[in-house]
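What follows is a single structure, and I will ask about it in a moment.
Chains here go by letter, A, B, C and D, matching the order in which they are written, and residues are numbered from 1 within each.
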Amino acid sequence: MKTYVGIDLGSTTTKAILIDEDRAVIGRGITNSRSNYSTAARVASEEARIDARFTLFRRALNAGGGKSGELDEFLGALERSFRLLQFLEQLGDLEETCRGQVKGERFAKVEDAVREAIVEIFKRLREEAPSLYAPGAKRKSDFFRDIAGSRYHAQAEDVARAAAIPYELLLNVYDKSIIEVENRPPSGGLSDKFRQALARVLAADSAVKTGSTDVPKTIEKTLDIDLEETYLVGTGYGRVTLPFSKEHIRSEILCHGLGAHMMYPNTRTVLDIGGQDTKGIQIDANGIVENFQMNDRCAAGCGRYLGYIADEMNMGLHELGPLAMKSNRPARINSTCTVFAGAELRDRLSLGEKREDILAGLHRSIILRAISIISRSGGVTSEFTFTGGVAKNEAAVRELKKVIKENYGDVTINIDPESIYTGALGAAEFARRAHLEQPEGRAA
Amino acid sequence: MTIIVTPKAGPAKDIEKDASMVKQKEMMAAHYDRLTNVPQTGEKVCATFVPGNLNELIMCFDLVNNLPEVNAIQSGLRRQSGAYVLEAEKIGHSEDVCTYVKSDIGMMAKGNIGPNGKKMPDPDVLLLSYTGCFTFMKWFELLREQYKCETIMLHTPYMGDGKITKNMTDYMVKQLKEEVIPKLERVSGVKFDIDRLRENLKKSARAEDDLVRVLQSAKHKPSPIDAYFGGIYYIGPIFGAFRGTDDAIDYYSFLRAEVEERIAAGKGPVTPDGDMGKEKYRLVVEGPPNYTNFRQFWKMFYDEGAVVVASTYSKVGGVYDLGFRHDPDKPLETLAEYCLGVYTNRSLPMRIDMIANYLNEYEADGLLINSIKSCNSFSAGQLLIMREVEKRTGKPAAFIESDLVDPRYFSAANIKNRLESYFQMIEQKRAGGRAAA
Amino acid sequence: MATSLNGSKTSDIVARAQALFDDLSFTSARQWKAADPSRKVVGYLPIYVPREIIHAAGFLPLGIVGGGDQLEVIHGDAYYQSYICRIPRSTIELGVSGRIDFVDGMLFPSICDVIRNLSGMWKMMFPNVYVRYFDVPQNYRDDIGGSYYVNELAELMHDLGKLRGKPITDDELRNSIAIYNENRRLVRELYEFRAERPWQAPAAEAYLVLRAGLVLQVEEHSAMIRDYLAAVRNEERPRRDNCRVVLTGVFCEQPPLNLIKSIELAGCYVVDDDLLLVTRWLTADVPTEGKPLENLARTFLHQSESTAAKYEPDLKEKGQHLVRAVRRSRAEGVIFACPSFCDPALLERPMLQHVLKDAEIPYIAFKYAENSGQMQPIREQAGTFADSIKLWSGA
Amino acid sequence: MTIAAGIDIGTGVVKAALFRVEGDKTDWLSRATLRIRQRDPMELARIAYDQILAEAKLAEKDVDYVATTGEGEGVPFHTGHFYSMTTHGRGAIYLDPESRAALDVGALHGRAISIDERGKVLTYKMTSQCASGSGQFLENIARYLGIAQDEIGSLSRQADNPEIVSSICAVLAETDVINMVSRGISASNILKGIHLSMAGRLSKLLKSIGTKQGTVMMTGGLALDSGLVAALIEDIAKMKEMKTTIRSHPDSIYAGAIGAALWGAFRHDKLAALGSVPRAA
């Protein structure tokens, strides 16, 4: 089948979307952006293709009369099983790389001890891996770097203490290896992994309830469908460095505008808060951009800011919002300078302010900055859509709703759980259009 | 702010030089030689600013006109300004303030070497015609502290209400008569001769006529000139030390002839890479350019087929296209009116009117604002200008940020990103318009 | 007991001033205006306008010096790039959010390009308000700058008369001049008292009392200063081992109150400053005899404060006002606190520092914004200044 | 004889030093450093204090003066507080009596302090907000590049073609660095580039306080970064009018704590002479 791919290479995350000829989204994929842009783009689009397979499974099983509740359960199990396989594979790679790092003068006296420690850490990581992918388990993030990293840190602290070797040394081995590992292109062999995953699921529960269909056969059939990458459009941060040729690049402003229009056709104003930029975009009834404004060279108040805060508090990014939601007396925070965020936080904690109040204040100040960019682009006139990574943060959303109401009254505010993909969605649609205009066009 | 570009920066070698370019280069070279030869010739030097530049008057006293703003531009184009700015910061200037001043002060601290590689002379008099910008006042106070020379303040009131009142011109004429002229006489030892001034003013007006023709040639499609990047070359002589000279008259008549030829041949503007390709976007630009990455910046436009058909920066040394000419029949009043009328001395509503008119008269696709970190005079309020112009013309505007001469504030990737988004947006709107039609 | 003649306590007076300071909707000015339909309010920005003329029309001159650190600026930021100081954006926020919608006129003094351009913005954004860019001469000869200024003042007086519906008379103006002379005398007295006994009148209190003068009617403000002085004269307040400094550079955008407090907490008594200059811009009484506009002009030309916004024609005089302030208040050093991105203050600073250096007066410098939240670096710098004195003086 | 403790609460690390002072003779009894890393600095101050007492085998009552510095105004058990620049100046003199300026580079701020031979502060200046040249930034980048703190210096010194980081903003500078990695720039050249841009800021500070000759003692945590020290020496060498010698000392990170302890002893003796000895709360 024909698929159109949109890739949004952001400063923090890289997103990919696959749409079909009917403009239906069939797959979404995301990964952390890294220093190797081509790899980031490849990983994201592979993730999107994996997701597309699940969509196709669902379609096929549905056609076979599967009940949706049962289907969800089965597909969930399949996906967890698949993810676990993927995780273990990368973990193997990481272990190998880590072991290779243990050499040279820094390890002179402790080489063996460190190696043993690494073996021990990875043994533990493998052991606990299934629990990370158990039903209902909460992961700190969806990216290998973060999941493996946080677990590695936790285990390493233990192991280091037991083995009486410096924790810093173990940390450093990890830091050195992770870039290498994540910059290696994905290993491929997807179909096999699906088969293995399926086998595991079936082994665990052979009486999978998915209607009358023969599950393995249906899955095999769907795996045979060729997901042709008919046309690809890339967008995102520093488009000059994107690993695509010029005809395959669109401005992220345009992509965000169009993406938001596709999700919510009545949207006239789009706010996107990304890692290091905030954009306010006004679009017309066709999704065409009328005006846009971005933050200037100061990255204060952008998404990365929350990252610094999370690091400072030793929390996962997902956890900030919920904590801030506990506050009903947000502190007034004036500086949103990302770099000094940590200092400000400490300052206030030492003055006895509560963590949740400070956090709530921080969220508010981010939103205030964003709203002033919106105001610069022409304000909010009717339906409003909030996109970008920060839209996943409930505290930011709460403040946004408040501030919009205070300043622009009652307007419809759209926030899609998948809003992080807005730019990629627009790009995919541009890809579809480009293909229609010049059918000979092929992917980059 | 300001102008005047010359030697060095080297365009594509195989471009044939037009007569005007050759002439301008000669004029500038001769001027810098005259300045750096002052120790031999014994001529006296008057430092002053571009907006409100009283060249006709200065020439009446046989003084050589030295423009620190132009020197800062030269340093920017030569990529020395970054080091100069840093030097000024090292000797105690804040990172926050106008880098034009700092480039000048840093250049002084580093030996004051001019564009021709020779030492620039110390000024004998600072003519602080403080027009359109408060920073000028501090700038010359700083120079005065350094050179301890005679400093003459000419205060130009601001056109806050959008008009020039009699009180304003009376005040300025009185200052000219009773402060500026007597002091210039004293410094130079030359007696003021009003007929000489009249003669100079007459010459100014002639060159001004030709300049206006050149700038307005951009109304043609395709435009034969780029009124921002190219415009900076065109305004050099008249905003600098040549207004009121025969050289300027020659330069502008050559230039005008060349532009008329281009129109006849249906050609677009000259760029550093030769003739520009197809004209795809016509823009009006507000704000000064960036000089440290001038070529790179310009290229982002002509590579995309964007040509600037009108700019406000080409009006900082006088707004001639709205009708003002130096008038030999009322020599002092005309100088006053000239100062009062420069672009940055105009109130914000006046600036908005001007830009909106340019967008319509030059049939531009949109407005681009290059907001300069250094320049509060230009920049404070540009976001309102943008809104208002969009509202009035219905044409899209875009906003980019850089600095005149501080390379730290030129982020190529950032600017390119915005420009491309902007061009794609114009394109998309056109396509949308076509689809709707 | 810390009470004034009429019995009010220092803490009450300060609390009143603090409440006025905190009130970002200018309730007291609103109430004053609402009390009589003929009343009008004319706002003005730092640093100087002839408030006498506004007063003579029976109007309330209302000083607007930004939004401080308690105002959430949303729309204001939409009008300014990040490298422009803070006061214009918070002033716009006050306007756009309706907090100064009761103001009938706005005067924008000639201080810098930012305020100058703001005058045009105000005209566009609030077309129903009387807006004037108030230009002042940079030429100090009576026959040149003076006559220009008299004409400008006359135009303002004429405009305000029109706004009232009845021309302002010279007698009305003379009366207002006398009232303002009195107010300025009291402000000078406050400054002299503080320089004498800074622990009795902490900088933050003196500031609040002064600041009340921006929103109160002048008569009421004079009474407040009188009360405050009487109260603190009667009170014994703890004296700390602090050094004495002149605070300068704060003539336009105002530092957060916490900054002023932090300086004292870190060990520096502020014994003179250039905060809210409008309250003492004219350094001598304006004569009440003769032609009032000419008297205002002449005092402006020859007896007014120096700031970065003013041209100093005489090189030898440059910066001497600061040296005189240090000597007069027996300060041990100077703290330059300048608003970030403030061209006038920051370009002036090196020249002033050279003068101080020649006069062997120590100084330190930092920048702030009206909403700066982090005081640590400021405490550190002021504190080090004070440490030197603590460690090296006789005690 | 006076026993004085100095406790320096930084943004990254808490440092403590215990001294015995007798006339001109100073004896450094014990020391401690604790990384803050999400812990409460006030608690760490206590822990550090207990550690230095234990190491010197002294009890709290033996101490005459507990001086805090840095962000230590709130430490409950201090006798007095001195501000950072006062203490770093004194610390520099202790580390090298030839010092005529201290250049303190810590996690967030840089400070240049000019001093006389007694450690009296003459002038000083701090870097302002907005610093891609902070220790914190360098630390983040090093972690991103997988480089341990003690490797930074030697790697940086191996650079052959340093790549200057131009962004003023640390956030954007981080992206710049990632772009550099993607362009294949080596870690050495990236680190050196960061060091050079930090050095530029620092030499600017030094020049602006008028230090043109004599020894400049680097203090604070980044004095231990030999790459930064080398970059600074390089940068200063380029400035003709600067005839200063840049030095660092293995104990540089303690400069604030040392200075606090010594000023504490000084103040104690001065007050004792006046008969008004304060005691720690």
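We adopt the following convention: contacts are C-beta pairs under 8 Å (C-beta built on N, C-alpha and C of every residue); 3 or more make two chains touch, one makes a residue touch a chain.
Quick caveat: nothing in here was measured; it's all calculated off a predicted structure.
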Most remote chain, CA-based centroid, reference being chain A: C
Between the pairs B-C and C-D, the one where more C-beta pairs touch: B-C
Between chain C and chain B, distance of the C-alpha-averaged centres to the nearest whole Å: 36
Where chain A and chain D are represented by their mean Cα positions, the distance between them in whole Å: 39
Rounded Å distance between chain A and chain C, as computed from the means of their C-alpha atoms: 52
Per-residue multi-chain contacts in chain C, two or more chains: 78-79, 81, 367, 376
Contacts with 2+ other chains: residues of chain A: 238, 241, 296-298, 335, 340, 343, 376
Where chain D touches two or more other chains at once, by residue number: 71, 128, 167-168
Arrangement of touching chains [line / ring / star / complete / other]: complete
Chain A-facing residues of chain C, complex: 69-70, 72-79, 81-82, 371-374, 376
For the chain C and chain B complex, residues of the former touching the latter: 78-81, 83-84, 88, 108, 110-114, 116-121, 123-125, 132-133, 135, 137-139, 141, 143-145, 147-148, 151-152, 155, 308-309, 311-313, 315, 318, 338, 340-344, 346-351, 353-354, 367
Residues of chain B defined as touching chain C within the complex: 91-94, 96-98, 101, 128, 130, 133-135, 137-139, 141-142, 144-145, 148, 151, 153, 155, 157-158, 160-161, 167-168, 170-171, 174-175, 178-179, 347-352, 371, 373, 376-377, 379-384, 388, 401
Chain D-facing residues of chain C, complex: 266, 362, 364-367, 376-377, 379-381, 383-384, 386-388, 390-392, 395
Chain A - residues contacting chain C, complex: 296-298, 332-335, 340, 343-344, 347, 368-369, 371-373, 375-376, 403, 407
